[in-house]
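Letters are used for the chains, namely A, B and C, taken in the order the chains are written, and counting of residues starts over at 1 for each.
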Amino acid sequence: MGAPKIEIRGVDKEFKVEGRPALALAGIDLEVAEHEFVCLLGPSGCGKSTLLNIVAGFLQPSAGEVQVDGRPVTGPGADRGVVFQEYVLFPWLTVAGNVEFGPRLGSVAAGERRRIAARYLELVGLGAHADKFPIQLSGGMKQRVAIARALANNPAVILMDEPFGALDAQTREVLQDELSRIQRVEHKTILFVTHSIREAVYLADRVVVMTSAPGRIKEVFDIALPTPRDRFAAEFTRVESEITRVVKEEVAKVHE
Amino acid sequence: MRSGLARGAALGGVLVAWALVTYGNRWLGITNPVLLPTPGDVIAAAVDGLRDGSLLRHGAISLLRVLEGFGLAAGAALALGLLAGLCTSLRLALEPVLEFVRPIPPLAFLPMFLVWFGLGEASKVAFIGYTTFFPMFVAIAASVLRVDVMLLRAAASLGASRVALIWRVVVPAALPGIIVGLRLGFGLALFVIVGAEFMGADAGLGHLIMEGRTFFQPAQIVLGALILGLLGSLVNALLLAVERSLLRWQASA
Amino acid sequence: MRGPAVPRRRALTVRLASMAAFLALWSVAAGIVEIGKLFNPIFLPGPWVVIGKIVGLGVDGQLWTHVGATLQRVALGFTSGAVLALLLGLAAGHVRAVRNLVEPVVELLRPIPPLAMLPLFIVWVGIGESSKVGFITYATFFPMFLTTVHAVSQIDPRLLLAARSLGARPRQVFFLVILPAALPEILTGIRLGVALSFFVIVISEFIAAEAGLGYLINDGRNFFLVAQMLGAAVLLGLFGYLGNEMVGWLERRLLRWQRV
């Protein structure tokens, strides 16, 4: 095992809510190894999205630091690809245009760009839709474009913030299957935020359960199940129940 | 609060810049000082105007014309707009007139109003009325049309009669759009009254400004312009306040 | 006054039918005035009289001088105003320092009806072309500037974050994300600017011109040539309409992604 891909050390995050400080994250220490798929799981307000935003460079921690590939994170960058919950595609570009956006910034030649985009669009199953505009796509399709866009830029890590949260239940499961399949091909390092335990157990190598505010790491679960995972297997359900129990403790605290 | 302070500071900055440029010009003799009136010149003109009552008179006359013209147009626009929004055939009947008149700048009709109504008050009032009627009518009809059909269904399912539907659902639901339309109409009236008073008028702020040109008194022009700006801001603020109080049920943007 | 979207061809036929209906109505009204001797028919000439007058002017060549004069002023004035508004607007929307500098001036001048400044332009620059063109520039600058600033400030910040997460440097973010994202609203501002140009050219041609459609209108006052006045006004409307259509065409070309 080499050096960790993502290193989070002693991260705190404090916000000012109506003038008074509120601690969203407290003392987060986490390492993500290369090729690992790690889920951040927890109740609302546990700071999982905040943590992801800090790794993405959208927010600065109040204390501690984050390193990716040994380099400290100071702002957004091409080494950390992001997939947003609301897709955030560029509406004025076609599907292919969106996927080519990153390579285009890196001055990749047009022919090569097209090749890269075609490859990743095939990977996410949208090869036939390259010339469509985002306005013509369904939510599930848009999210697949967003994933292809992040992948095509070949970032060191991919950060996903509840990417399937805006989709209906069926589409959500389909995309989970897709993402699982893609990961088996691409072996990226992924940090994934969700509040769905089932989703976390289905996708992740490790599940990090966070406490309610101020967010701390409550427990980390290694998911040793073989992939592709069967949502109805006994082992799956057992792990799911165990994590549910732990999460429920935290949810109860939020509603106190 | 902070933005108010920032605004005040910005305004102050502009005043200072104005003073610097104009007094600087006077001191350095770059161009004819009359051309670049200083704040002092404008204030002097204002004081003169206030002293002999002419400033108030011109302001009142302009305002009166605007109010009369706007009042007539608003009444007509409300009545016809409501009807047109509710009644498709009326809307279709009026549409040709609208389409024809809409692209023509209202000021293009000013000389015609002068020919038709002479040089008196009637021509200005009629012109303001004409100018503001069409945009307000369109806005009001559009608001009525845009009322969410679901609201009507809900009311009907609660037993509302046709009349009740109009007065208790359509009108309140369309009210925000109607008021915005009225406010824009008033703004338009203030916009054109100046132009209307450039020609064929012997009173009013527009006339005052024109006089400033005739007698080579840029200070008077600036004064007239500033008064207009002030008037416009005040009235707009007033209308916004009325709008807000009437529409408290709307979620704040 | 639009209900659900009407396909373009159908909208055009509806418009033409409206025109025809309006002309018919007008002819009837003028006819009634003439026959019923309600008032001197010179005050409400029928559409054919108006058309005849315009054609007459066209045939003897006078019309083109006036049309040319007006269109030239509008074109120059609007273009200057637009260029200025876009440059300053983009700068102000993007760079705080520029915004702080320009905004107070704009805020001060905004409530003042631009028409009030026309005589000032005339005093400063005389009654030549530059005062009219300069005035259009002045009048159209503000709304276009404000919409441009608004367009830039309204951009979904996540688009910017997404671009930066793909490795975009500030310059790339500006040209590849901010500009395309702000374009729809900027074009709306441009549309307003065109309409405003025609709106204000009239009055400046009333009081300080020897040629132009506005001049034609005012000139008609002398001998109650209402036909001439109406005709010139309608022509103005026509050109304004064409200008608007041109912007519409531009919008359709550049913003295909919005309504495919």
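Keep in mind that, in the parts below, a residue touches a chain if its C-beta (ideal position, glycine included) is under 8 Å from a C-beta of that chain, and two chains touch if they have at least 3 such contacts.
Small disclaimer: the values here were computed from a predicted structure and weren't measured.
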Item to check | Remaining connected clusters, assuming subunit C were absent and nothing shifted | outcome: A | B
Item to check | Taking each chain's C-alpha mean as its centre, the one farthest from subunit C | outcome: A
Next on the checklist: Can you check which chain pair, B-C or A-C, has more C-beta pairs in contact?
Outcome noted: B-C
Checklist outcome for this item: Whole-angstrom distance, CA centroid of subunit A to CA centroid of subunit B, is 53
Next on the checklist: Distance between subunit B and subunit C based on Cα centroids, please, to the nearest Å.
Outcome noted: 19
Next on the checklist: Taking the mean of the CA coordinates per chain, how far is subunit A from subunit C in Å?
Outcome noted: 49
Checklist entry - Inside the complex, what are the residues of subunit A that reach subunit C? => result 56-58, 75-78, 80-82, 84, 86, 88, 90-94, 101-102, 104-106, 132-136, 149-150, 153, 155
Checklist entry - In their shared complex, at which residues does subunit B touch subunit C? => result 7, 10-11, 13-14, 35, 84, 91, 95-112, 114-116, 138, 141-142, 145, 190-195, 198-199, 205-206, 209-210, 212-213, 216, 218, 221-222, 224-226, 228-230, 232-233, 236
Item to check | Contact set on subunit C toward subunit B in their complex | outcome: 1-3, 15, 17-22, 25, 43, 100, 103-105, 107-109, 111-113, 115-120, 122-124, 198-203, 206-207, 213-214, 217-218, 220-221, 224, 226, 229-230, 232-234, 236-238, 240-241, 244
Next on the checklist: Could you list, by residue number, the parts of subunit C that touch subunit A in their complex?
Outcome noted: 156, 158-159, 161-169, 172, 176-177, 180-181, 183, 255-260
